[in-house]
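Before we start, here is the structure in question, set down as structure tokens.
To keep things simple, chains are lettered A, B, C and D as they appear, and every chain counts its residues starting from 1.
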Amino acid sequence: MNTNQWNRLQTIDRRVIYAILLVVILIPLFFPITLPTFPSKQSRNFYDTIEKIAKDSPDKIVIVDGWWSPSTRGENQWQAQAIITHLMMRHLHFAILSFDTQNNTVTQSQIVEPLAKKYGYVYGKDYVNWGFRPLAAFVPVAKGLVIDIPGTIKKDYKGTPITQFPVMKGIKTRSDVGALIEITPSASAEGWLGMFEKNNSPPFLFAPTAVMAPTYYPYLDTGQMAGMLTGIKGAGDYEGLLGTHSFGSRAAGALSLVYALIIALIVLGNIGYYATRAASRKEDR
Amino acid sequence: MQHASENWWVSGLVILLSLIIVGKVLLAQRGRVPFIRRISGLNAIDEAVGRATEMGRPVMMVPGISGLDVVTLQALSIFSYIARAVARFGNKSIIPTIDPIVTGVAEETLQDAYADAGRPELYDSGDVRYLTGQQFAFASGVAGIIVREKVAASFLFGAFFAESLIFAEVGQQVGAIQVAGTTETNQIPFFIAACDYVIIGDEFYAASAYLSRDPTLLGSIVGQDYCKLLLLAIIFLGLIGVSLLNVPFLAHSSLFSHPLHWVVDLLKVK
Amino acid sequence: MLHTLQHFFAPMPGHGAWYFEKLALGLLFMFAILGALQLAPRRARKGIIAFFTFLGGAYYAAEFFWPTNSATNQNFLTPYQDTVAGLASVVGSFAIGLGVISLLQNHTRQLARRRPGWGYSAIFLVFFLAMTVFGLMNAYSAKSTVIPAVPGFWARQDAHGLFQFLFVGGLTNLGSATFAMIAFYIASAAYRAFRIRSLEATLLMIAALIIMFGSVSFGTWLTHGIHPVLADGSENPWANLRIENIAQWLMLQVNTPAQRGILFGLTLGLLATSLRYWLSLERGAYFEKEL
Amino acid sequence: MEYIRHLFNPILLFGALGTMAILSLVFKENRFYRVFEHVFLGLALGYDLEFTWTTILRPLFWDAMVRDGQWAWVMTVPVGLMFYGIYTQRFTWMSRVVFGIFFGLNAGAVFQDFAGRVVPQVTKSFLPSKSLIPPPPIPGDPHALLHQISFVLNNFLFLGIVVSVLVYFLFAFEQKNKAVLRTAQIGRWVLMFAFGAIFGSTIMTRMALLIDRMYFIFHDWLRLVKG
């Protein structure tokens, strides 16, 4: 190859890159590629924690708290879907809580209700929706849940007193909570860790978007978090562990291809750069 | 920490740092003008504005996407120097804004800078453009301005978030010379990838001092430097304390370990 | 004295006697202050601005530094935080007119003079008006009919439905789409910037590659052969070389301290700049202009 | 027929057309983009106006003043009018008074911010275990020495990075001193490495959004993708 051809490698037109990127994302959506998944340690710990609750304390309630809105549904929705599927597969009781207005509607109608049909979950008997709280109310809610759950929540999302639901029978304080699951695009873990959790009891399971995740590794090291799902990769890991292979694994497949593409582009660009430079040096001599 | 009384050592430190800064400012105003190091990206302003003028295309400045806060004001004061260069070359500038109050301050800033450079007639009421208060609507509007006006120089200073890369890549694609600086550390990598010159971290706060060589601002920068050294000294002291606590002999003798713990925990807030 | 003041400013839910008089009085009083400011000599103007700037900052500074009651962690200023925040957001909200006026001016001018691209200004104005009208209708009477039903073609549309169309169909989707543009740009930026042309660019590239390999399946597959536990059940020290562990170490041991160093500089810069604004020590064209 | 009706569902159709229009900009600026850019800006401004009224002015100002009789809120109106001084020669300076109040409000909050955000970072740089001398080994640990060595190395590295980055950000001390200059250079290299890491860890979230947009078009709207 001469200098020009090498040079082409480092000056690929951006529109070509964009077109390849689109194709690479679309292929796994149409033709699911199930790549072998290697779930990360944190995803596996997340999964194992739920399994352990199902075995050791199946009568406790699991709180599923969501701070995400449709703007990060690309990651958080699939995390929520995988986690709730797992809860239903092991027939654990759970409660939905939201600190975002749209989150509560989306979680209830687009995730839980379709899954409930599949797994025969009945509202009030197997799960309950504690509704939406504004962010300003976070501190009183988090602190209140420690000592008095019915007194803090009072009513479900439709205004029915929660004590009327069989699922809430015997659920009084923090010690009746099997796990706290937090699905979020923001820095919401610190609040729960500071005001609700006590030495990872009940187990704190965290599902942030991929950008947020690196900030929270220290909490995993200190054992303040039992497990973490990192973005869509985490959702894909989880579906792999569950064996469900829904959209999360397809998106994770697409993501692998995208990463491969970007890495390939970087390598090509550098080969082109190196070869062109070497050739021009030769000409200089 | 909600109030000073939760830990007076911490609050005392904040007061001490403030006094150092204000003291250095006052000293500099009395004539002790200090010297500061080169900030490479800022020397490119004249070059960028000059080239834009040769090409007959406008200069764009975006003061970030937060409301009227200290960061945005600092960005506007950097822009007032750029605007003077624009006025000297007789070019045109566009400032898109995301906040109505910022719009008002930006209009005043631009007018003042043009008047300062002796070209008040260059100011046009369409130069400062309020677009909307929504992050991504603003981003799509700015992207539209960049491609339609074919801006030849683009200055991105202020608080930027995810949209940083939209501005920088679109600008890169129309071939603009781009200089950027932000207080949001997580966006700096994207500016580095797509802009010609990037100023990092608190070079952003030093920029107006560097450009104006004003004694007050230079004094403030020196004050900040002393504060950094003070923070480093505290870290070293704390480290020595923590390290000594790992020496078995010292850790087990209460004569040493009590004062060591006291020193180490001085700045802790319950 | 304080009691009389409190009584004077007390809310009057039923619009009792003097409600409208007090409204008028309040307006008059404020306008009188503005008038007095305007009459003040020109050379006093900078001082007036400096005074109000100082006043604005003094509340939060005093609220922070004033010793608190240890039982409640509050001082005498704490209860007014909501009021101050409310005042600031109400007064700040009045400024939205500045933005709306300048935009409407620009677009109606385009339209009136049929300048090139005036069609886009028309589109802007139509959607602006639609969103404002149906948004407000949605807030006040969501159920009121906007478009009556035409059997066989469409059902009745109420204000809420139209607001949903504009908000969910338009605003949120357009926002997500703009956000998604970044995916394309991040790919082209990575391709262009990550070259071995200088030590700095090379370092940037290596760190990014390590993190990328550490976060996808085929990356972790590369080193999945290193088992975290040895045959005898003890931990395997070589497991630190698994790519995801290297990535994690990089984030914790390199990224965290670097970010901290930046943070110290940034926050000191913020402190210094804030002090200059608060004490009106700032310099620059805006601050040195003759008023 | 049902499918055609679904394709013309106004909310989905609006969203899908808008999505395609906006994304088309990455290839080339075009009319389709320009139309939806202006639709977007119009909607956003309208929403700003509506949002400001329903979430701020109506509850805090109008309802408080009219319904609850807190008449004193009327006094904010003349203050708000001061912004509009910029439209006149005579009252321009008045806008600076109210701008000044806002500068002050922002500046005054800095003390609490600094104490609450920065000082903990200072203490975290040596607490709880950034010691440069390793703690005594845990009994029965087969890799005790290895753990001690990595503990010390990691902590030295951590300290070294904080120091070199801070030195890079010193402005006033003339960097003629060789040691200072070299430390600052190392600081800059470390910064680049850290920035690369940030870049790498952002890619996934950004890509997930594009994947989600494609899912919206091909699953929610076109229904070509199952699941």
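List of remarks:
Quick note on the criterion: contacts are C-beta pairs under 8 Å (C-beta built on N, C-alpha and C of every residue); 3 or more make two chains touch, one makes a residue touch a chain.
Since the model is a prediction, treat every value here as computed from it, not as a measurement.
Considering every other chain in turn, the ones in contact with both chain B and chain D prove to be C.
Chain D has the C-alpha centroid lying closest to the overall centroid of all protein C-alpha atoms shown.
Using the mean of the Cα atoms as each chain's centre, the chain most removed from chain A is B. Rounded to a whole number, the gap between the C-alpha centres of chain B and chain C is 17 angstrom. Chain C and chain D have Cα centroids lying 9 Å from one another. Rounded to a whole number, the gap between the C-alpha centres of chain A and chain D is 20 angstrom. With centres taken as mean Cα positions, chain C sits 25 Å from chain A.
The set of chain A residues touching two or more other chains comprises 14, 18, 21, 210-211, 214, 230, 233, 255, 258-259, 262.
In chain C, the residues touching two or more other chains are 64-65, 92, 95-100, 103, 171-172, 174-176, 178-179, 181-186, 188, 190, 192, 194, 204-205, 209, 212, 215, 251, 255, 259, 262-265, 270-271, 274-275, 277.
Touching of two or more other chains is recorded for residues 22, 25-26, 34, 37, 40-41, 43-45, 47-48, 83, 86, 96, 102-103, 106-107, 110-112, 114-115, 122, 125, 159, 162-163, 166, 169, 191-192, 195-199, 201-204, 206-207, 209-210, 212-213 of chain D.
Here, these are the chain pairs in contact: A-C, A-D, B-C, B-D, C-D. Interface residues of chain B facing chain C in the complex, by the touch rule stated above, are 2-6, 11, 14, 17-18, 21-22, 25, 67, 70-71, 73-74, 76-77, 80, 84, 97, 99-101, 103-105, 108-109, 112-113, 115-116, 125-126, 128-131, 133-137, 139-140, 143, 162-163, 165-166, 168-170, 183, 185, 189-190, 192-194, 200-202, 204-206, 208, 212, 214, 216-217, 220-221, 223-224, 227-228, 231.
Residue ranges on chain D touching chain A, taken from their complex, read 26-28, 197, 201-205, 207-215, 218-219, 224-225, 227. Residues 63-68, 70, 73, 75, 92, 95-100, 102-103, 105-106, 171, 174-175, 178-179, 181-182, 185-186, 188-190, 192-194, 204, 259, 262-266, 268-277, 279, 281-286, 289 of chain C are the ones that touch chain B when the two sit in their complex.
Residue ranges of chain B in contact with chain D, taken from their complex: 1-2, 4, 10-11, 13-14, 17-18, 34-37, 39, 68-70, 73, 101, 104-105, 107-108, 131-134, 137-138, 140-141, 143-144, 147-148, 162, 170, 185-186, 188-190, 192-193, 200-203, 206, 218, 221-222, 224-225, 228-229, 231-232, 234-235, 238-239, 241-248, 264, 267-269.
Considering their complex, residues 172, 175-176, 179, 183-184, 187-188, 190-192, 194-197, 205, 209, 212-213, 215-221, 224, 228, 244, 248, 251-252, 255 of chain C touch chain A.
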